[in-house]
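One structure below.
Going by the order they are written in, the chains are A, B and C; count residues from 1 in each one.
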């Protein structure tokens, strides 16, 4: 069952056309890796899904509901956009943890704020917040950071920060978890711990879209690979197909460059 | 939407500017006398300046100008409202009606008489040259090329600018006459040109400036009270001055404060 | 000796005027400065341009001149509005001039602080479903505060000394009071005023250092 469908997505920044006619779909429990050179539009695509950019054309459908249609202003109302963002989680390249909060609070803050909107919040405030605390601790345990709950972001390594970011995104139980080059800002020694966590999520059949330069990782973890080039999906298929037997010339060129480097 | 907001902003600006309308009719026609009598008080601008307006050891606000003003206000049937002002902005204060007159040992100068309505002279003054005791001084020629000081915008400054010899001295303007005194005492200026009345009060035995002496009298001058240009109060106060001269009040005050009355 | 105590007590009393002006200016100009900051960052073009022009004018002319314009303006322009009489009118006018002036200076400090928070912080809040208000108060605000403490401290210290400018419209603050003595030939009170400012600024310096220390638990 397709949990995500992207149709005819286009995006321009001024005169520069960054996305041209993007079409793909994603099934529940599937992991897609998006690869391609800088400027191919990978990050813009991810940002469009999370409503951080507004596409000029196209539709985005989640769980058979049209959450975005460039032709229909009703789908673009600011008040609704906030709720729609919750379908997705986003892990940024440079983590974007909140520096003034502890690791635990970073993970639980958004949930605590959303809890206020619950109908039974006032009566059960203490219980709700308590539950959120416990859930947060558990998630951090899952990513291997139960001993860092009271630390501040500047006190932990980049890899640890990114793992906190993953826990923070997971907390809100998004339908689709997006990663924007999650290890590109990390030292090589630290990428391993983050990739391990993502691997674990893939094993649990978390629905994910991962933009990455880690080719081996992409091949190992994803169910499908999309190669983007100059705003278009140049090629897509299973990891073995795209990495082992690329059909398009551009794909071959790109992969050769990466093998050499 | 944006156009109508810009239009609104333009209209609002116009409206704000029109708030600068006349308060009541054309105040030039209205009599200044009626104005202060209507307010039941006359706001008198002064600076702390012995012996004209100052606070004595007992904490009483007094002085020649203070007492004279109180007497005049009694005749005008208004309350005297003494307001301490900044000498630099006295003309602006007067024009803006935050004071109704400048009554503080104001030297009558042609430019001032042209810009404000000044009463006839009531006290005589001179600009004097003061130096540190022991300085060589014959006449103003002795100061050519030396550093001399006076208060900015004062009659002393004007005297320096008009004297052929002092023109050739190195003149530095000071904010206050007392700062000028300080410079002479400190030796950073050879001489200062100040009001006689001030010099009398502040230099010599018993003051901070024991070693400062008066060596020359220049530019004799006279004091008057200044009102807004075109004010009818000046003429009214002149009449009252005549009365106070006739009944000896002025003479008594002059003696009390060691001043010379104008002829 | 008696004179010494009299002078010190009169100086201290007049310094209260400086302190009063200082406190009132801060109380009103800080929130007002935040409003102006948002105006100068507005996405609505005309508003942004008007606000930035006003800030340019207020920061581009001497405070001393602004004091005179605000106090003397109504009288000189024959406006129907006039300041209350006596020393209270002059003090109110001074407060108004100071609040406008410092609000503009603070607004630029606030704007700089807000704009220097990385966009990623804002976006992280967005993808986690936070409202704009929540993002401002829960994410951005403390980061802005930490960034603006040093320049704000600077501005506050400048304000302490600027308060003596109120004497240009004859508010009898400490330096004008000391001037009364120097006009009688007594000079030391004028230089003694420096001590009052020095001590007060010292207290403020300690306060701002303490605030900076309190915020050292995280790095921006």
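Following the convention adopted for this analysis, a residue touches a chain if its C-beta (ideal position, glycine included) is under 8 Å from a C-beta of that chain, and two chains touch if they have at least 3 such contacts.
None of the values given here were measured: they were computed from a predicted structure.
If you draw each protein chain as a dot and join the dots that touch, you get a simple line with two loose ends.
Chain pairs A-C and B-C differ in how many C-beta pairs they share in contact, with the greater number at B-C.
Centrality by C-alpha centroid: the chain sitting nearest the overall protein C-alpha mean is C.
With centres set at the average Cα position, the gap from subunit A to subunit B is 78 Å. Separating the centre of subunit A from that of subunit C, both taken as means of CA atoms, is a distance of 46 Å. Each chain gets a centre from the mean of its Cα atoms; for subunit B and subunit C, those two points are 33 Å apart. Those residues of subunit C that touch subunit B in the shared complex are 44-47, 50, 68, 71-83, 85-87, 89-90, 167-170, 172, 176, 179-180, 182-187.
Subunit C meets subunit A in the complex at residues 118, 120-121, 123-131, 134, 138-139, 142-143, 146, 217-220. Of all residues in subunit B, those touching subunit C in their complex are 2, 5-6, 9, 19-23, 27, 43, 47-50, 54-55, 81, 83-86, 88-89, 92-93, 95-98, 176-179, 181-182, 201-203, 207-209.
The touching residues of subunit A, counted against subunit C in their complex, run 50-52, 82-83, 85-86, 88-90, 92, 94, 96-101, 109-110, 113-114, 152-154, 168-169, 172.
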